[in-house]
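Sharing a structure, written as structure tokens. Questions coming.
Here the chain labels run A, B, C, D, E and F in written order, and each chain numbers its own residues starting at 1.
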Amino acid sequence: MRKDNRDNLQLREISFKPDYIKNVPGSALSRQGDTIVLCTALYEERVPPFLKNSDKGWIQAEYSMLPGSTGNQRVQRERQRINNRHIEIQRFIGRALRTTIDLKKIEGFTINVDADVIQADGGTRCAAINGSMLALAKTIRSMVYDTVIRDIPPILFIAAVSIGITDNEILVDLNYDEDFKADADINIVSSENGDIVEVQAFAEESIIPKDIFYKVVDIGIQKNIEIIEKIKKYI
Amino acid sequence: MRKDNRDNLQLREISFKPDYIKNVPGSALSRQGDTIVLCTALYEERVPPFLKNSDKGWIQAEYSMLPGSTGNQRVQRERQRINNRHIEIQRFIGRALRTTIDLKKIEGFTINVDADVIQADGGTRCAAINGSMLALAKTIRSMVYDTVIRDIPPILFIAAVSIGITDNEILVDLNYDEDFKADADINIVSSENGDIVEVQAFAEESIIPKDIFYKVVDIGIQKNIEIIEKIKKYI
Amino acid sequence: MRKDNRDNLQLREISFKPDYIKNVPGSALSRQGDTIVLCTALYEERVPPFLKNSDKGWIQAEYSMLPGSTGNQRVQRERQRINNRHIEIQRFIGRALRTTIDLKKIEGFTINVDADVIQADGGTRCAAINGSMLALAKTIRSMVYDTVIRDIPPILFIAAVSIGITDNEILVDLNYDEDFKADADINIVSSENGDIVEVQAFAEESIIPKDIFYKVVDIGIQKNIEIIEKIKKYI
Amino acid sequence: MRKDNRDNLQLREISFKPDYIKNVPGSALSRQGDTIVLCTALYEERVPPFLKNSDKGWIQAEYSMLPGSTGNQRVQRERQRINNRHIEIQRFIGRALRTTIDLKKIEGFTINVDADVIQADGGTRCAAINGSMLALAKTIRSMVYDTVIRDIPPILFIAAVSIGITDNEILVDLNYDEDFKADADINIVSSENGDIVEVQAFAEESIIPKDIFYKVVDIGIQKNIEIIEKIKKYI
Amino acid sequence: MRKDNRDNLQLREISFKPDYIKNVPGSALSRQGDTIVLCTALYEERVPPFLKNSDKGWIQAEYSMLPGSTGNQRVQRERQRINNRHIEIQRFIGRALRTTIDLKKIEGFTINVDADVIQADGGTRCAAINGSMLALAKTIRSMVYDTVIRDIPPILFIAAVSIGITDNEILVDLNYDEDFKADADINIVSSENGDIVEVQAFAEESIIPKDIFYKVVDIGIQKNIEIIEKIKKYI
Amino acid sequence: MRKDNRDNLQLREISFKPDYIKNVPGSALSRQGDTIVLCTALYEERVPPFLKNSDKGWIQAEYSMLPGSTGNQRVQRERQRINNRHIEIQRFIGRALRTTIDLKKIEGFTINVDADVIQADGGTRCAAINGSMLALAKTIRSMVYDTVIRDIPPILFIAAVSIGITDNEILVDLNYDEDFKADADINIVSSENGDIVEVQAFAEESIIPKDIFYKVVDIGIQKNIEIIEKIKKYI
């Protein structure tokens, strides 16, 4: 039994406040236990240079943490020095979101997704993907409503979950204290059909036996199906 | 009567969620109409170089806007280019907060206040000061509780309000649409005793006759006394 | 009587060397006691992005201090790190200067005003505004002479003065030593008609009673009328 | 059969020039087909701030590409703007290398590993890890030789390989043209014992069925054992 | 005869206002025709990291141009982007100044020399060296006066002159128009004894025959002796 | 006799690996003793802003050192802070290369030359120019081959050599240890006809008598003719 009375394979309480920000077409406040991430999405008529003369649009993400979001010590704003961890995470988020629709359906447009951590208690990148999935779906609806695209493109819903290995035990959806003690940390992004979108496995403290890794991925795929059900309720 | 049915001299609805963030000693979500600013405060045992060998502590503020906080267009993160307006506003906030206590009472410590605009609808710098006043007071209490300082120093409570002049009418607590049309914009920070802490008057579109300016400041002082009463309820 | 034998309400000696720089259409070396600021103004056919498709031109200012301008310690060049104080001041200058003409009269053009402090002895932002007023007026004349605009637009002359409060005494046009000891510092920018353009009141050390504040603003307006007379002699 | 006559599961020719640079304790020129990465490693007596007062040392990596390393277009130097992809990759490399030894054995020291891509033809991050493994092992030997640490700590050898999925075919060690066309790209870092160190799976174009993913990881582990054998020959 | 009625080998009028800035120990306003450079020098008790544990002090220079100093177009401040030409020139100035005294005589101290171009009309780097020579000599005197060093170290006076080659004619001390048309530009820094301190010869438009190059250097050395005489008058 | 058994006027062994990088039209690995510099050149259809509306193309250079290239201590990447020495050197290289062809022959094109020091043992800027000369010549050939320009423009071959003065002895092509001890360092770039392209003479430790300087330049011109012969063999 974990300190917060969860079973090893139990998610924390997950909830979303959709349309949290009135100023943007899509937004969601994503909570996963004590982790809170504000996700917003806006579209603009512009594509990055490498898509000029293509028939595709683009989805990109930025991730950051508010200065007071962690307990240890204030997170420095990125004015003087870019935070490399944030860069890595936003690339992870952006790639995941780009698999959710056929980018040709938003030709000529870029959707900018911003995930800002309000309060951090482990699993922020996953909470960011889950809230961003919702904000993105809302924004695509707005694009239809605003008649900048004609039909809602089919959306493949995805979700993300973090799973840790600590003393050979598999723990789902780590909070900060659990994450700190984990030997390995695996982030699985997978789709409503149970297919894999992205996997990031890190084994700083101890390497991961192959069979345990596969078990972790199996569990992650199941958990993500649970999370996607929650997300879809708000659409 | 204004579009949102307020009298010219009426504030928008003001509310605070104190202790919004569990990870920091003092925080408040400050709402003023549709403007929402998250204010957090942390202390650390360190003073800026210019206070080395003095008997003073320091209070400093940073202000920023989340990318999705405004409706017009996404606010660029300050990773590539610092936003000059943010710099000006955070200096305004920091100076105001430094008048609230005798800095000798926090000798050896710096209190970092962060005001991040979640949603912008006019008056963000004032909502930031009001929420920061609350977060700061909470943090000073925590410092006593944590026994890093001995007694709660006397706190002079302050508040801030924005007042506009539009077609010779005085409008209190402008929202974004009103601010956009205003001829002049005056921000008044004043104390619970009705004394002046800071004034920033800008007259981009039209200059301000002296007697109107004085009337505006009078009103601002009254309104701030109202706001301070609200703030004090949460202490 | 003050250390430099001035009455409390007396300005320091103010003088201007107009057309100090041959390479630009308008320039002035602005001296106020031992404070020396070089002000230059150039126009270019270009407007900032937010004025595209408008019928307005723009005036913007940049402020900096030369490395050897202060006695305490060398001012770091802003190559590695932007100086936040400079940013705040240049925004103050720019806003003031934009009230001096109808921006529609310079449609399609931006006038860049640069104020660089050669020697600092208090009141640099005010000396910058005063010298920039002169450089700007000269530049607008040049624009007519160069036939990029047709008629000299009516210019509303403005000036700026810093007034301090020290031990309840009001001191006009503080030098560095006086500024250092002041309890509060009020910068008033006002027009030749006695109307207010900008006010920045800072009360870091002690708050300002309302009636004293109004008295200070009254004095500032009077002093600025004196300064504007001097400026106009050089036009 | 692939364009370069390889079987789908065949690695490109892999070779190393160890001790390529005379100025550093450990270095290797790592070639994998036409991909060439120069890897150097230096140690210094210093640990990052978060390890002060711990009993651990640190290993960190930086990755970059030389301006002429790719055919498409010149890679901009990171002087004006950091390349986010490089940041993500260097974090991937650093984490992998930190699993190779017990960091307590290099207490008080940081080993800086630099991987600079001389010529890019796909799989640069993997070639970087493979060459860095060799450079790191050489550097640890030098530390013993230089008597800054007492005994060679046990080294867990690791290697990395990139595997792509294209039209449901699994292709090992993609070159640039293959990578460009791949539906999904999986980078597997694993140890000489066949355990997993890091996995990065990206499915931008198409999601990955779970069973194919596991097959890919299985193959990656086998291929890395082949590569580790090559690396060990140079120790 | 040149446009400004000078002989080919004639310097422009050169003058110095020593002690132009009251706030620093040494300063000079250096004029060479219409080129005006403000040179200031300050010392501080600190040496750069590479001189820690040595018995030497250091002299370093920074060079910049004020935004309104040139006629063509406003010089961008270096806040967003460092000006590479300025970096090259300040290194040229710093090296030259470091030959003027035995750096052991200012052990533990760094003298910072700043050369800021107020008005540019060709030859700014040479006017900067000439004015800096004077400011530096003044500062070294102040160090003795302030008793931070014991005796005035022997100073080797140096000066700098720019010489151009245009259509096979040698032109001394080019102004902007002449510089623009020159085929080659040679900057000679030499000492009061006629020895060479630094030479920078650039032949962008046309290469320089060896014998002409030697003639130019000969002339430069002669001209610098003239300039040094002027500088020494102010000591 | 020097430590490495060379005569004072003898060059180190110089060699080039042309076409070292397959991805760019021109490249060369330039070795001079233990100094190794990778030089690459690419062309693009674009000219810098100051050549808009002219009939010229442009050649520009960038220079940097890989982190592990020196023995003393790791060279910091320029991500956080630009290396001023690199800036100075790349300007030196760029100017030299621009004399080699008539820029009108590459109208509308910019050739970017990159020189990255793989291993540093003195004379890196000269090895960079020599390798870049070769890479540039190859690239110009490619431009003809790619039919972006019609005829190979006449190329004036140039080379560069560093000559030091140590205890009144003239030493050609200094390695790192010799450079460290030299009283003066003169870099001569000259053409196949023996004309001067650029000279950079630095006399940090001791000034240079004029006649010795001329002797050094004479020797440099001779040595460069030797080097140019080697370069031309690879064309």
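One rule holds in what follows: a residue touches a chain if its C-beta (ideal position, glycine included) is under 8 Å from a C-beta of that chain, and two chains touch if they have at least 3 such contacts.
Remember, predicted model here, so these are calculated numbers, not experimental data.
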Any chain in contact with subunit B as well as subunit E: C
For subunit D, the least number of touch steps when starting out from subunit C: 3
Distance-maximising chain from subunit C - centres being C-alpha averages: D
Subunit B against subunit A, contact positions shared by both copies (same if over half, else different): same
Centre distance in Å when subunit E and subunit F are each reduced to the mean of their C-alpha atoms: 26
Inter-centroid spacing, subunit F versus subunit B (mean Cα positions, whole Å): 57
Distance from the mean Cα position of subunit E to that of subunit C, given in whole angstrom: 33
Sequence positions of subunit A contacting 2 or more other chains: 82
Arrangement of touching chains [line / ring / star / complete / other]: ring
Chain ring listed from subunit A, with subunit B in second place: A, B, C, E, F, D
Of all residues in subunit E, those that touch subunit F in their complex: 82, 84-85, 87-88, 90-91, 95, 98-99, 156, 186, 190-191, 193-204, 206-210, 213-214, 217-218, 221
Interfacial residue positions of subunit F with respect to subunit D in the complex: 21-24, 27, 34, 38, 40-42, 44, 62, 64, 66-71, 73-74, 77-79, 82, 112, 114, 116, 118-120
